[in-house]
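In what comes next, chain A is part of two complexes: it sits with chain B in the first one and with chain C in the second one.
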Partner chain A sequence: MSPLNPDTSLSRICATKRTTIYRDMVLMAAGFLALIPLLAMHRVTDFMIFCIFVMSFDLLYGYMGRLSFGQMLYLGTGVYVSTLFSLHFNPNPILSLMAGVVGGAIVAGILGLIVVGLEGASFALTNLAFNQVGFFLIGSAFQKVTQGEDGISAGVEPWGFLDLANEHVAFGFVLLCLLFTFYMLRILTSSPYGIIIRSIKENETRVKFLGYNTFFYKWLTFVLAGAFAALAGTLYTLYVGFVSPVFIHPMNNVDVIFAALIGGAGNLFGAIIGGVLFMAMKDTLSTHIPQWEWILGLLLLVIVFWLRGGVTGLIKSLRDFLRARMSRGPVAEVKKG
Partner chain B sequence: MIQTLLYGLTTGAILYFFAIGLSITFGTMQIINFAHAMVYALGAYFLITFLPILQGFFPLAALFAILAIIPIAYVMERFVIRRLYGESLDYAMIATFALLLIGTDVIKWIWGNTPQPVTDPIGVSFQLFGIDLPLYRAVIVTMAFAVFAGLNLFFKKSIVGKIVIAALEDTEGVRCLGLNVDKYFSIVFILGSALAVLGGVLYAPISSAEPYMGFDILLIAFAVVIVGGMGNLTGTFISAFVLGMVIALTGRYYSQAADTMVFVVMAAVLIFRRSDA
Partner chain C sequence: MLYVDGINAGYGRALVLHDVSLKLKEGEMAFIVGRNGAGKTTLLKTICGLMKPSRGSITYRGENTRGVAPEKLARRGVRFVAQDKKVFSNLTVRSNIELAAYAAGEDMPAAIKKVTSIYPDLQRFMDNKAGGLSGGQREILLIGRALVGNPRLFLIDEPTEGLAAIVIEDIFRILSRMKQDNVSALIVEQNLSVVSRLADRIFIMKEGKIIREISEKSEMAETSALESYL
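Moving on to the complex of A and B:
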């Protein structure tokens, strides 16, 4: 399908060694397991679900350069579709999960047709507007079905050994979902498709000139981001078992934007590190200081003005700096990235 | 029905005061300014602080509130907004959102979380077709028209206004003429902030002052700016009143859907006007 010639140097860029991905996945699983003694296991499970959500946002923002203020809509769609599916159709957790993901993808597919043609501010704000509409529909308009602000209990029942009320099973299942998301996004973003969306971030007009239908690629990315966000949402349903409009509230979009930035946008490791750091920060700060949002604001300013690459960017520039020091001596000029 | 019409016009007027600053900031500096919501809320709180000192004399307290925001707006422009010129939109949005978060916490820290009511400064109603209508709302609407006329005069006749209008069209071109565009941007930024404060001050007696009052209007004002066209001054005026009417009319029949209806209108406008982004 792709017009890319496999013999060009592009294929060299595309080809990520599978072994590197597996190594990264093992490292990541080990990292989350190592977090368990530090925090409670159910907190780590929460962190991992949030990390999946951050990765879905990063595909849209970090890789394709489209900042959305409405990613919560797809998380919320996943949450509510899976909840209602489990209540009214089938309590099987896997089927509920699939229903939620498909629901998120469908909503993203329809709204994407409208949104994807927009750019910059219009894109961000239109997503925010749709998020607001979704919040209204869930919170007020369909109160009879969703029980509005009161929230609703999901009807998911254990299926075989998959009993998500069990902390250990839930941890393992969410970890598997996280690794699956990481694997999929890693493969996707290093494929020719990934190069196209990264090129769209740099210069969409040139990509169009090369003969690509950029609208289709943007739409596809939007749907994928929506589907993975919905996956995170369904995991909340399965794991928490009780959902309320908090899961679709437009104001919570800040969290995911912040997490992606703090870790370093355009980098799946950044998304995961950012997700963990943000959740850890939120947990500690909110227990010690009643008003902690200003700290978030100050940190955001620091990131925007001095630390564009986030934590991963910082690590990378430190590494480059040390390397340059070693090879060329102390006078070596280091370009900050 | 007449009451609904007047309410719609009032909402439109407040939206206009708020949105005009957003629209100018976007048109000239290419910055989506979330911090506008903070300025708006601050204005209402300044009014609350000044009212007792001035024995409840509303116009003077409002004036002081507007004057008090000028140094704050200047500092914001000088140290945050100016550093974001020519940067990507995303960073500007995130930085101004950070300002909004900080500002909201400062407001909560100084004035507390609870909504603080402000009494209607006029408190007289007038009659139209046999229906009692609060005079205060009529005054707000009149002021919006006056501000619109004043701004038109400012942008058409004064040299500062002419430079800004030219910069809305082509910032680089104006810079090439040797004009220090940044200075004029700073002036319009402060002007826009002052108008947002006016909106906050005038709206406080209708509802009350609360830390998140800016968040609520911000989203709708974005819709106003998108529908009216970013940087389009007359468009912003018209769309503010149209959307104000949409809110009032929807609210009359199904109050919870009022805000959502605005976004439906916005989505419809965006679909039918694809090229303009």
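Moving on to the complex of A and C:
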């Protein structure tokens, strides 16, 4: 007996309101296009790459309830594998991208076997430890290959129309990758797989009582999160063209955690909104305030104490409040009459 | 169906079960009664694979299942309904059932029919968050969810605990129907009215041991005699 019946899974996926997903994708694309006049196009492209990274983290944390302090490892793996692939094997951007994603998935697949059996602080800190090891390997141990702190230029060359040095092409390509990530994660999280990982977040033992091999689902989620984080990493390689250990630095995990919390974890829109708001704040605050990080710290306190659901949670609460008020309105009038 | 032979089990060094043995026949509904701390829940947890006995053996349908993981036992038809009435509260009632249906490879309409057949009122709450259900409705959802697929052995821990009298009657009705369908079940229960009306066999536990086994209907009917063990 299969723990996940393929027929019912398929019917569930087919039953998902695809039109709603397409509508959301159009709205999202329009939203990013609308940002271009406000910011520079290259900044919006940066924002979109970061949003892919936040979505990858949200799959692990928001949907499955596993807080990792080491997601930068997979972004960094994507960055370095695609860079080295373009330099030593093939300069084709698509092949480099695929190599980066596969590299991230393989590293996540191997380390996932070790970490997904852990929970809570052990899970978070073991991931951080692996991230630290990765940072050391890239920055010091493999310095001859990676050029260490000096960084290394990618060897990606234009392929047909796909010239990522062109700002417009890069924007369009990254937008497509963002929409692809959103679509895939929406389909996955609304499928039986999504129900299973959300149930694991709530009570893993009870999921086992139903007959599920929870280790497999946790591992699969870890690999998918690693692969999408690596996708974000490869896009940095293709777009920026120059990489350094900053792309794998463990301290940068704070950014993705902040962004997910600001937007609201366990919600792909939350990941997008959080990613955009975090990047916008970072840009604005760092321009005007020298030690701007303390403001982020205060914001985190506000979120933890008053806005657990982040911006999307706030929007939902307001919507529920207005609905409740509107539904009470006519009753009150009738009573008055 | 189930043969527990001389098991010892506990938490760390603290031994809770001492040389516990019992037999459950196919189609039999047996109850375990005893005071708090007698080891009733620990016994169910050990049979369902959540705890590994330090001694003894557990044979389920001819296979030694000592130390077999809960998910593997679930796939072999063992259904454990825990005492705390915890459903997946952030999922809808429908998704709670879906989760069981996917695991069992059963299609959704059949799974929903199975659950609503024991308690039609649940149909009204299908798209509500399961966390909003009352304690009794949660228990019914948990039992209904356990019926999905091809269950062979039910391990149910205190299904009527903390419930209002009217809901206890609902639970009794559901268990009666299961009994009519000849399901095999081992149920921990303190409500002697429910026990005496449904039991084919009663195991009385005290201080981690089964001190008495009752299979005579006349003895079971004497609830006052049973009360002395609670």
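One rule holds in what follows: the second predicted complex is superposed on the first by the 313 of 337 C-alpha atoms of A that agree within 3 Å, B and C clash if a C-alpha of one lies under 4 Å from a C-alpha of the other, contacts with A are read in each partner's own complex, and residues count from 1 in each chain.
Keep in mind that, in the parts below, contacts are C-beta pairs under 8 Å (C-beta built on N, C-alpha and C of every residue); 3 or more make two chains touch, one makes a residue touch a chain.
Keep in mind that this is a model prediction, so the values were computed, not measured.
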Problem set entry | First, second, both or neither for A:Tyr183, with chain B first and chain C second | neither
For this session: Could you tell me if A:Phe321 is touching chain B, chain C, both of them or neither one (first, second, both, neither)?
Result: neither
Exercise. If you stack the two complexes on chain A, which partner ends up touching A:Val304: first (chain B), second (chain C), both, or neither?
Worked result: first
For this session: Would you mind checking which one, chain B or chain C, touches more residues on chain A?
Result: B
For this session: Would you sort A:Ile257 into first (chain B), second (chain C), both or neither based on which partner it touches?
Result: first
Exercise. After superposition on the shared chain, which partner residues are touched by A:Ser199: those of chain B (first), chain C (second), both, or neither?
Worked result: second
For this session: Answer with first, second, both or neither: which of chain B and chain C does A:Ala124 touch in the superposed model?
Result: first
Exercise. Touch check for A:Phe142: first (chain B), second (chain C), both, or neither?
Worked result: neither
Exercise. Once bound in the complex, which stretches of chain B touch chain A?
Worked result: 26, 32, 80, 83-84, 89-91, 93-95, 97-102, 104-106, 108-109, 215, 219, 222-223, 226, 230, 256-257, 259-260, 263-264, 266-267, 270-271, 274, 277
For this session: Within their complex, state which residues of chain C touch chain A.
Result: 48, 50, 69-71, 74-75, 79-80, 82, 86, 88-91, 95, 98-108, 145, 149
Seminar exercise, completed: The answer for chain A against chain C in the complex is residues 1-5, 7-9, 12, 192, 195-196, 198-199, 202-203, 205-214
Problem set entry | Sites on chain A touched by chain B in the complex | 61, 65, 67, 69, 114, 117-122, 124-126, 128-130, 132-133, 136-137, 140-141, 250-251, 254, 257, 261, 291, 293-294, 296-301, 303-305, 308
